[in-house]
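Quick heads-up: structures coming right below.
Two complexes, one shared chain (chain A), two partners (chain B, chain C).
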Partner chain A sequence: MHILPGLFMLAWLSVVPVGLACAEAATEHTATIAVDGLSCPFCAYGLEKNLKKLKGIETVDINMKTGKVTVMIRPDADVDDRALRQAVRKAGFTARDITRR
Partner chain B sequence: MFAWVIVFAAGLFACSGTANAGPITFNSALPVSEGVGIFRSQIRLMRKSGDSAPMNRDLAVTAVPLVLAYGASPRLALFGVLPYVEKRLHITVNGARVRREARGIGDASFFGRYTMIQIDRPGDTLRIAPFAGLKIPTGAHDKRDAFGVLPRTLQPGSGSWDPFAGLTITRQTLDWEFDAAVRYQLNTGASGFAFGDQARADVSFQYRIFPRTLKSGGVPAFTYAVLEASLIWNGKNKAAGATDMNSGGMIWHLAPGLQYVTSRYVLETAVQIPVIQRLNGSALKTDWVWTAGFRRNF
Partner chain C sequence: MKVLTRSFSTLFGLFVITLLAACSGSPANVLVWGGLGDAPGQFNEPFDVAVDQKGFVYITDVRNRRVQKFSAGGDFLMAFGQEVFEKPGGIGIGPDDTVWVTDYDLDRIFHFDNKGFLIAAWGEAGEGLDAFDSPVDVAVNAAGMVYVVDQYHHRIQQFTPDGRLIRVWGKRGKVNVVRSALNFLISDDRESEFYYPSRIAVGTDDHIYVSDAYNNRVQVFDAKGHFLHQIGGVGLWGGRFRVASGLAVSRDGSLFVADFYNNRIQHFDHQGRFLAAWGAKGNRPGFFSGPTGVAVSRNGQIYVADWGNHRMQRFAQ
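Our next item is the complex of A and B:
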């Protein structure tokens, strides 16, 4: 009988980290792509258009000076680095590093 | 007698710059992103005068090329050019001033450009892209006026199918851009007349003058000061198998200009000023060519 509370406690402790991890995954919806070769405002449109074609991309924010493009991804969307690199390549540029928050 | 018109007209219509940002009077190698279209149009006015002969010839040409570009893949861009042209020639005949003119759709051009070399760095790109295409005879070449059939060089179209090919190189940074291009057009004949072939070499340098310093964040509009140079050679025309010794020649232009570039559109203007003109026979010399245009992506 005394063993039951202990088992409940053990079960709860084992679930909590999973729950925290899920919460963390749900907030990981920003990716910043370092784009090489972007040096003209008129060309930036193609980059924005190709990134927005990806399902789950909500906004695209291009910083011409740093060459960094920040995309907001819906929490439920599955947009991996490969898809982001492919969109950048289709726009005619080269994706270097991708960092996620 | 009107053969000198072709010296400039061919270049005026057939090689108006294409669609991506870059030079005003010729092609760049900048990308047209896959699935992106660009519409471009220009108005180009050309004036030739200063005839020392009794005919006192005077020519004005207006061309409005419409350009559509589409990114078929990250490296392959397809272009279509359809010009509207007006040519007005004033000559003195028996002491009276006479005007002969033609207007209408000119010859369309279609070509593809493939980026062979692409070296990208942060805020910097180098691209080398060959291109090839065909000018097709969509313009009339048998227009008449009260004096009869207009000379072939005054017609809106050439009547011939003319292939062309070239190579363009672009190095672009956030502060400046340099472009160079070479192009050769093999002119075939139609209805017993063939324009001389055309070869040209162009360079362009663009320097961002506003904003002077880039601030972090967003895509600001750039204003560029532009300086372009074009060396254009035209071969002699052939009519009924005979070479017209008063046609063809070489022109070197300089073109200062301004360009306003945003992420959605480009506004631009340039004035081409001839520096050296070595034309064959009794050719008229160019006074100036003014170009103004816009581009819009979609």
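Our next item is the complex of A and C:
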């Protein structure tokens, strides 16, 4: 019986780092897309709409001055670069670089 | 050689016209209101504007997901639509002073009375002739027919007030930028084709004016969608556009067009001849940061949705 608290503590210590790692991944699931020619609402609204149609996209933030689009993706969603590029193309643009954090 | 001489004389003529227009009296800025925020009377991306017959001003306030209604003097009266909008886009006024609004993200048309009560909503996303992909503007003629700019389908649709499709015209077509720049010498063709059309207005003669945004021109049609003529082409001088956006027809039949990247408003007579242009990039009164909407009241006051400055401006002729 004396061994049980020790085992419980050991199990807890082994699980905590995994949990922390998951939390870190959940907060850092973003993609930044560099898109040319984004400086008017007629462009931005269409791009925003097409990206939001992808399952798992939570928010889309477009910085028209830098041409950077930041997309927050749900941790459990699988949105690959190909899907992001397709959505950008459907909106009438071309994605240059995609960086992920 | 003949072509060169002709080009030079045409360009010189255009330069003189622009200079004369710039020197002639442009409408005076008489009012600025708004500013970035979500309080009543503030805006977060004011996108389009319409004025009813009594002079009340309605503005789509995109990021605040609402329409705001003001007096002619810019006094806030009410806001409505927050419970139904995702991204309110274009706005138009019916002959009975009811208010029509497109929702760009929801692919729907909303119809309100002038107190902000929802009368009807119709439309859906899809590929059918009566479906939408990002409806960006709406206009209503004297008979109550509703015209919608279906932006990502690059076309115009005409509906009855209850949403029954009457006709569709237009298809995707991009004018080559060199041909567009030189279309005063050689026709750029592509009549009734659009490349991301942005705004629509009905003229006093029931003609339909469409801002063909990324073809840098305005196309004019009769009420049944038959092409009549076009105005503009890409360029910096008077009568040319860099992304044609908001447009409005005044009671005398003349046309005002917001010229997005040139940060100015241009004025044309009812035959499409350039009259005047005013504005430049900036945030002082009379300057713009990407104008996207224009409306003209019955007494000739010109309202401009100054999108990037998050404010409204009023000009008197």
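Just so it is clear, the second predicted complex is superposed on the first by the 73 of 101 C-alpha atoms of A that agree within 3 Å, B and C clash if a C-alpha of one lies under 4 Å from a C-alpha of the other, contacts with A are read in each partner's own complex, and residues count from 1 in each chain.
Definition applied: a residue touches a chain if its C-beta (ideal position, glycine included) is under 8 Å from a C-beta of that chain, and two chains touch if they have at least 3 such contacts.
All values derive from a computational prediction rather than experimental measurement.
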Chain C versus chain B on the shared chain A, clash or fit after superposition: clash
Superposition-derived comparison: chain B or chain C, residues of chain A touched: B
Partner chain(s) touched by A:F93 [first = chain B, second = chain C, both, neither]: first
First (chain B), second (chain C), both or neither touched by A:T66: first
Touched partner set for A:A83, first chain B, second chain C, both or neither: neither
Partner chain in contact with A:L51 - chain B first, chain C second, else both or neither: neither
Touched partner set for A:P41, first chain B, second chain C, both or neither: both
Chain B versus chain C as contact partner of A:I33, first or second or both or neither: neither
From 93-101, 147-155, 237-245 or 255-263, the chain B stretch with C-alpha clashes against chain C: 255-263
Chain B and chain C contact sites that coincide on chain A, given as residue numbers: 39-42, 45-46, 49, 92
Residues of chain B defined as touching chain A within the complex: 20-21, 30-36, 71, 73-75, 115, 118, 120-125, 172-174, 177, 214-222, 261-266, 295, 297
Complex interface listing, chain A residues touching chain B: 34, 36-50, 53, 61-67, 89-94, 96
Partner chain C, residues of chain A touching it in the complex: 39-42, 45-46, 49, 52, 92
Contacting residues of chain C [partner chain A, same complex]: 45, 47, 62, 87, 89, 104-105, 134, 136, 151-152, 196, 198, 213-214, 243, 245, 260-261, 290, 292, 307
